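Each of the next two complexes has subunit A plus one other chain: subunit B in the first, subunit C in the second.
For the complex of A and B:
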């Protein structure tokens, strides 16, 4: 059965601007920009809105038929899951979304991904610890 | 393997292990002979009192912050720098499981008020006990620590100390300005942040850093941390002011040249200035330099990722940076090959800003 609900990953931090959301995923070392309809969807996800609710919210915001929105929304949500920005599951809390109508035409939500930070976050776990002193052995 | 999860490493409530570890290590340092006199450095509200245990290449830890030397203040943070090879002082048994450490050596799950990291590649362990106002930097042999580490001594300590305070944040940025005000220069790798900063060395704009600086978010003030200028060897010919110093600071393989500006050009280095704007360098390939408005989101994208990655910082630092970019004007600094135009463009923009510039971007 397809997932209908999502919660925001605890591994990310985000900030809202006028028409853009910046997200940093420290686990993966990527950061992201969401503009336009992508920012609208993110706002909905933060409010704990289900997929059906997001569809209705987008349709209201852009005065567009839900049938036109379903495919791009599904694709975008899949991408958010793949990037571990949201997790499939029940959100811990929900809140009402502001009612708004945008005069701009709907364009499919786009996740802009920046990967230049990833090399700084390459993990190298501690392997060898001295059994006597209890400290890692210098490599 | 433990990965860093921003909200997944809540401090435990136990503290006896961490307090005992701190006490044992402090006792070992205090009983070491001979005790050398402490050296003190001031970073706005923080007074750092540094005591070396064993012959520790003091310059390695103090040259980059020499311009911050100051008389000691009460209630400062005492930092013991322990060279195991020359002192024989060993660390007590750890009171945590190494499974609590991530791949960068950050140790999670310590009791509130304690922070620690173990750098596997250098063998340097750093411990901060906030309540006891003690910190320790322990190394197996500081003589083997890479040269570039000397350009940002105590960075982790400063970051962790100020991380809990809403007022201050360390950011990955250059900064230049005058007593009347200055700018942060920040951007992704290769954007020209260092070039733009160093291009100001022979202008009236003073140098507060080209790597990390500290921001007072309430006073909107930049505090210089390190007086080091770093430069790719291939770019040396573009900076006449640094060429005479190049022989003194030969580059190690694949590393940037380092110049200790306070030693050679003390008047060039400033302890700080009011922060008036954020500028995002972008090399155009043309000759001229110009500015155009940037959005707060542009500034956050330039500032946050590398700051978070290099400091292994969490959401508190992100939120402080987000707060900062909403408070001051932001510009794209479109730089060209004529480096003299860079300080001129920055200076003229600074002078065009209101003296209490807090306008939104």
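For the complex of A and C:
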């Protein structure tokens, strides 16, 4: 029977800023970036929202029907499980999500993975990086 | 022209930047605009490959280190330059996570060896007061152990699994120091302190700080202690003063996030008592005056009165002015060094340390003579 609920792995730490969520799994040395719809899904997972709830939340946020969202959401959740960022199971607590509508069109959630954090941190965050994106995107 | 505080000599642009980083967003934005104008950054080409270097390179180190805090304070302001600070915030957060992991490993090893710990500076400030691991860039991590357990702590951290390395210079002179640098194979700097302040490095100097320590959770599985809010503020004020000859400004941000937190209560009289007890009235008085005049510190009237009537000894004011003085003349440097350490003994150690004045001075001179052999990798 497919899983409908997830909890955030205790092995990771994350932070929200602007429209991005950054996550680090120190034991694996991996760093992840979630933007756009991926950050919206993560916010839902942190609030303990079920998969059905996430579908409804995305549909409301992007004014799109759930049928269009189901496949990319499932695929993204599978990826989060594979990377051990979330675990299948009942979340320890739930909280209400903010109601919001984004004018941007829905694009499938994407998990950006950086697998060599130690080497990323050797990049000079001022001189070696893109002036637009900043660290960790190289010039 | 520097702000009217010769002791700290903070530049007007630094004041603007601090206000942009710390004040409520709408007000902060106006200080940010002023700062950008002063630096000729009110117009720029976003895709210019040298945009970040042109912003950061001309700045002093402490101003550079404020940028993640500026970003976080103004991230929703829509300011076109703030967007470009996003990467430095991201980098700071990630780099600090590495320090947090290392701190939890260090604490675990020390606790396994039955050594008590207090996390100092960046990590507890970020966790407890800034509430954000991405706003205060760290270059090292700092842990305090009881003075009597310093040797044991050193051995524990140098043994597997951490196998931290140390400097032969600092090892030789460790009885003259209050802390020493250790580092891992990746060069992550772990500063092991056995006293809170350089001036007061002797047994039982830190009793009040240990007694009032407060728990701090590093990770789901690892906790340690931090200084109490009043003691953290005291440490910021005193440490901020003598950290280097270039006036540091980080202590202002570190202090602001404590005294403006409505959930915290600062025992101002206890803080002034400490200043008197430890003969650091001068930096505490100067720092509080600056915070009052520029950074919205509101002291209770009786504390203000006490601060105003604080008497400063000549020895204390002379010592703290010597801390900041620099000269390229070797003879002047040598005279000042002897004078400063003689005063340091009188002010901070006499009657408290087991070391005699002559022994103390001998150790200081030995340290100075060996200074060129200082062999740190940073």
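Quick notes
By our rule, the second predicted complex is superposed on the first by the 117 of 139 C-alpha atoms of A that agree within 3 Å, B and C clash if a C-alpha of one lies under 4 Å from a C-alpha of the other, contacts with A are read in each partner's own complex, and residues count from 1 in each chain.
Here, contacts are C-beta pairs under 8 Å (C-beta built on N, C-alpha and C of every residue); 3 or more make two chains touch, one makes a residue touch a chain.
Every value quoted in this text rests on a predicted model; they were computed, and no experiment measured them.
By the touch criterion stated above, A:67 is placed in contact with neither subunit B nor subunit C. Using the contact criterion defined above for the overlaid structures, shared-chain residue A:99 touches neither subunit B nor subunit C, since it reaches no partner.
Contacts of A:12 after superposition: subunit B is touched, whereas subunit C is not reached.
Of the two partner chains, subunit B and subunit C are each touched by A:120. By the touch criterion stated above, A:131 is placed in contact with subunit C alone, subunit B being left untouched. Subunit A residues 10, 13, 15, 17-18, 20, 22, 24, 26, 31, 117, 120-121, 125-126, 129, 133-136, 139 lie at the interface with subunit B in one structure and with subunit C in the other. Those residues of subunit B that touch subunit A in the complex are listed here as 1-8, 90-91, 93-94, 98, 101-105, 118, 120-123, 125, 140, 188-189, 295-297, 300-301, 304-306, 308-310, 314-315, 318-319, 322. Those residues of subunit A whose C-beta lies close enough to touch subunit C in the complex are 10, 13, 15, 17-18, 20, 22, 24, 26, 31, 117-118, 120-121, 125-127, 129-137, 139. Across the complex, subunit A meets subunit B through its residues 10-13, 15, 17-18, 20, 22, 24, 26-27, 29, 31, 33, 114, 116-117, 120-126, 129, 133-136, 138-139. Of all the residues in subunit C, the ones that touch subunit A in their complex are 46-53, 56-57, 72, 75-76, 84-91, 93-95, 97-98, 101, 132-134, 186, 220.
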